[in-house]
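Order of writing sets the chain letters: A, B and C. Residues in each chain are counted from 1.
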Amino acid sequence: MVESKHSWKAWIYLAPAIVLLLIFTVWPIINTLRMAFLEGYSTMGAVGGATYEFGIGNFKQVLEYKDFLTCLGNTMLLCVLTVPISTILALLIAVCLNAIKPLQRLLQTIFFLPYVTNSIAIGMVFAAMFNMVGSAFGGENELIITAGIINNVLGFFGMDPVNWINAGSSYGANMVVMVVYIVWNALPFKILILLGGLQSINKQYYDAAKVDGTSRRRVFTRITVPLLSPMLAYVVITDFIGGFKEYSSIVGIFGEDMGPTGDPRRLNTMVGFIYDALANHQGRASAAALILFGIIFVVTLINLYVSKKKTHY
Amino acid sequence: MSELKNKTMQEKDLKKVSAMSKIGKIVVMVLLYAFLITMAVIVIFPFYFMLISSVKTLEEYQRSIPTLWPEVIRLSNYVEAFNTGNLGRLFVNTMIVGIVSTLLSLVITVLSAFAFARLEFKGKNALFAALLGTMMIPGELFTITNYATVNDFGWMNTYTVLIVPFLVSIFYIYLLRQNFMQIPNELYLAAKVDGTSDIKYLWKVMIPLALPTLISITILKMMGAWNSYVWPRLVANEEAYQLITNGLRNAFTDVDGNANIPVQMAAVAIVSFPLFLVFIFLRKYIMKGVSRSGIKG
Amino acid sequence: MKKRFVALFLAVIMCLPLFLLVGCNNKKTAAGDFVVPEEGFDTSKEITITFYHTMGANLREVLDKYIPEFNKLYPNIKIEHKQVGSYDDVRDQIKTEITVGNQPNIAYCYPDHVALYNLAKAVVPLDSLIDSTVEVKRDDGTTEVLGLTDEQKADFIKGYYEEGKQFGDGKMYTLPLSKSTEVLYYNKTFFDQHGLKVPTTWDEMEKVCEQIKKIDPDSIPLGYDSEANWFITMCEQQGSDYTSATGDHFLFDNEQNRAFVTRFRDWYQKGYVTTKELSGGYTSDLFKMDPNEKGNSYMCIGSSAGASYQRPAKTGDKYLFQVDITTVPQVDPKNPKVISQGPSLCIFNKADPQEVLASWLFVEFLTTTPAFQADFSMTSGYVPVIKSAAEDAIYKSDFLELADGGDYIQALSVKVGLQQEAAYYTSPAFNGSSVARDQVGLLMQQCLSSKTDDVAKMIKKAFEDAIAECKYQAG
């Protein structure tokens, strides 16, 4: 009964949002498609009067570029490593937090702290903790002036210093640093959501299990995890989408070279790839962005499919 | 408490089993706390490192065996960081952008969420579905064109360019719409009968009821301004409009970044401090906001 | 799902008008050579000139001191200048402004910036202005020729002046404002104490490093700040190919270049040398360290403009050790080559030719006025671009003649910079020349530090990768 009367009103309420969305969301989608299919498109050239032909050259260039697979591989690897690690850790911490009384509030606050920090700023702290100053690392004439706090801690336990992020560091060491940092960053959000989920699980299930004398492990795998599965699915899916957009955490540790000295771009990701191209090769950047969208789309579909099968509502 | 009661009951009934389960419980609790405290220490260590480093002298910082507590507390690092990084300017910029964009964003979000939750119009569901669909597209894809658009608008290096393009968040609209939907429709119809206008109803009934969500959105949006990096770097390279994250990165890494890490750490601490304050005072709302955003089924 | 697609489709349709609107918004910039108007410069019209630069507060002060001097001659030209940030910031700012046609009149520039702006044909070729014989009336009653006189041309340090012509089309696009170079700083106290000879060639350098390493095994004898400069300078000194402004741009993958990279890798691995990126900080930090500490350097090759950063700590009125400055090592000391760096000025196209003329008059004023050049040099530590600046009385008595390795270390580096006047070279500039520069710098870092059993293979691959990257980035 109110429909027809309010129709125009609704559009007025929606007008500001729709105007902004048209300019800053819908138009970009159209324009990206256009630039991606104009061979070698660049805005500077367009201003200078150059014209561009329709074609798929940008996609070809992106796919044939030697670092494209590196970017894709890094992105995937970071996703595959950090999503499970951070989810499992977060789940463990949430379950433990849920099981204690004293100190619960304090610990909860501490675990949430990383969420309210500036990711680039804390990236600088991490970089400083892993940074080494000196020369010829790993060579015969190695000279370490400062080894960094992490190495000092390792040294305390009798281990040799590791070259984490400096010239001559190994890909594995770089990855460890990135995984630690990204997991550290992802934990608070996940802990919070999972803890919220845990607290909303009906106590009756646990009481019933107690009466039956079910073991702790069985309670965890048969009651907690299934009942928590919607939240788990949510954090995993959003984390995957976020993981494919990984960029600023790497800038935080390695700077805009996206890799250690002597091997820049080694840790470059898909988004980093897009930003590199964005400065002078807008056509190429658009093509790369579309490719990334395609990948995220497929991965999300798979995720949704899997979680539908595994999630209990 | 109830666990304790349980324990005493069990003790009365089965002495042998109870002794074992008591030990088992204590062991489990000890393990639990050990695990949690270890993790907490790991989580908090970078903050600790940042704070102690920020008051060390360069000489002390560079020692090959670092001190876990500074020998001399050098607060002048903070003064230096504030001056070198031109942090005052960056603070003001970030505050302006944060506050203005939050206010405008709230208005737009409330109006849109209201339309989607309470009003009926043709194509409502289709439009809403389309909006949700755009959430899946990576923002990087928008950056390329928005960069050209704001350029054409002549917005480079203005506050406008930092505020306007991100005023609409479909996510917030969605969040608030869910919240509005929970308010019984009868209230709205009753208000209609009384002849209350939509705006008045929105202002007097809906907004107060959805206040926690609105506060959460405010905080998340402010934190967004504090943390944004990529877009400001592209469109506001002039110092007068730089935001805190960009200034921080530029001020200490380009010129003599490696020269004085303690000062750099002091700058990071200064930047993080307001966020901590906000967190401590509004902890409840942030947590609620974040977890609410999480459980969206 | 179906509904969602319908909705998206509708949204797309709704946006089409917008698409057309924005799509047509791109303005075209005027192209072609600049023609000096026959009637010359109009001294009656008020003209405002914007000037983008990277000057810090103390240099802006110098500039503000000379703008009134300029306005005594041309009161109708108003100069508005602003510091945009770093060189990259100036470039990015102008790049975006060009796309909407509101670029400044004058800007600090590096050669590759000009090549980039010229994709949009935005920079004025200076030839017609330099050669113009049109007379301009100044407000103090005198007249001057709009162009440069032969004396003025000859007064420029040749290597600096030639840099404006490195764009492959024979045209001149920039005038140098102020330059710096690389010099070798060395710990004179240490060299004297151990009777070491200051190296003038790379062979001698190798020998000295070996000797120092024997005296102090915990030191890194030499620090070289810029890996890219090192590579490019070596190409220049040994006459091997680096880049070309025309045709196939990227020529640096050749036998001679791989040879010197292999040699320097060996030095790095022996602990003779380090660079800014490889050590994790400016090598001047190692040079000015207390020699008793682990990891210090006794020589440092860095910018002549950064001399004050090369000075060690002062206790009382005595520095920890004495620094001396000399020309960087050469392949052939009889035919020396040193890099020139630092800002040039370029002028942007504008619809009104009078704006271009006014810009030119200001650029000419800054680059050819000895007093300004001398003042700028004293404040910045840069080398003046005209020889007559060195004749300036105050510059001589208060600066150059006081040159020493301590309080007046900056004067000493400028003096060395002026002495090697004939040795400056310039590299070809084209869109992508900065990519080549970045890539050879990264290549040096990689080749020096990579751990490998087959050095030749690693170096070969690094060169191939760098060329491929250059082609991708520039293509």
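Here is the rule we go by: a residue touches a chain if its C-beta (ideal position, glycine included) is under 8 Å from a C-beta of that chain, and two chains touch if they have at least 3 such contacts.
Quick caveat: nothing in here was measured; it's all calculated off a predicted structure.
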Chain located farthest away, centre of chain C as origin (C-alpha): B
Identity of the most central chain, Cα criterion: A
Centre-of-Cα separation between chain C and chain A, whole angstrom: 39
Averaged-CA centre spacing for the pair chain C and chain B, given as whole angstrom: 42
Centre-to-centre distance between chain B and chain A (centres being mean Cα positions), rounded to whole Å: 16
Of all residues in chain C, the ones touching two or more other chains: 11, 22, 26, 92, 99, 280-281
Multi-partner residues of chain B (each touching 2 or more other chains): 148-149, 258
Per-residue multi-chain contacts in chain A, two or more chains: 23, 26-27, 29, 31, 43, 133, 145
Residue numbers on chain A that touch chain C, as the complex places them: 22-23, 26-27, 29-31, 40, 42-49, 61, 65-66, 131-141, 143, 145, 166-168, 261-264, 279-280
Interface residues, chain A side, partner chain B - complex: 2-3, 6-7, 9-11, 13-14, 16-17, 20-21, 23-29, 31-32, 35, 43, 89, 92-93, 96-97, 99-100, 103, 107, 109-122, 124-126, 128-129, 133, 144-147, 149, 152, 184, 187, 189, 192-193, 195-197, 216, 230-231, 234-235, 241, 244-245, 247-248, 251, 255, 271, 274-275, 278, 282, 285-286, 289-290, 292-293, 296-297, 300
Contacting residues of chain C [partner chain B, same complex]: 3-4, 6-8, 10-11, 22, 25-26, 84-86, 89, 92-93, 96-97, 99-100, 102, 280-282, 285
Chain B residues touching chain A - in the complex, by the definition given at the top: 28-29, 32-33, 35-37, 39-40, 42-44, 46-47, 49-50, 53, 62-66, 107-109, 111-112, 114-115, 119-122, 124, 131, 134, 136-149, 164-168, 173, 192, 198, 223, 226-227, 229-230, 234, 244-245, 248-249, 252-253, 258, 261, 264-265, 268, 271-272, 275-276, 278-279, 283, 286-287, 290-291, 294-297
Of all residues in chain C, those that touch chain A in their complex: 11-12, 14-15, 18-19, 22, 26-29, 31, 92, 95, 98-99, 116, 119-121, 218, 220, 268-271, 274, 277-281, 294-295, 442, 445-446, 448-451, 465, 468-469, 472-473, 475
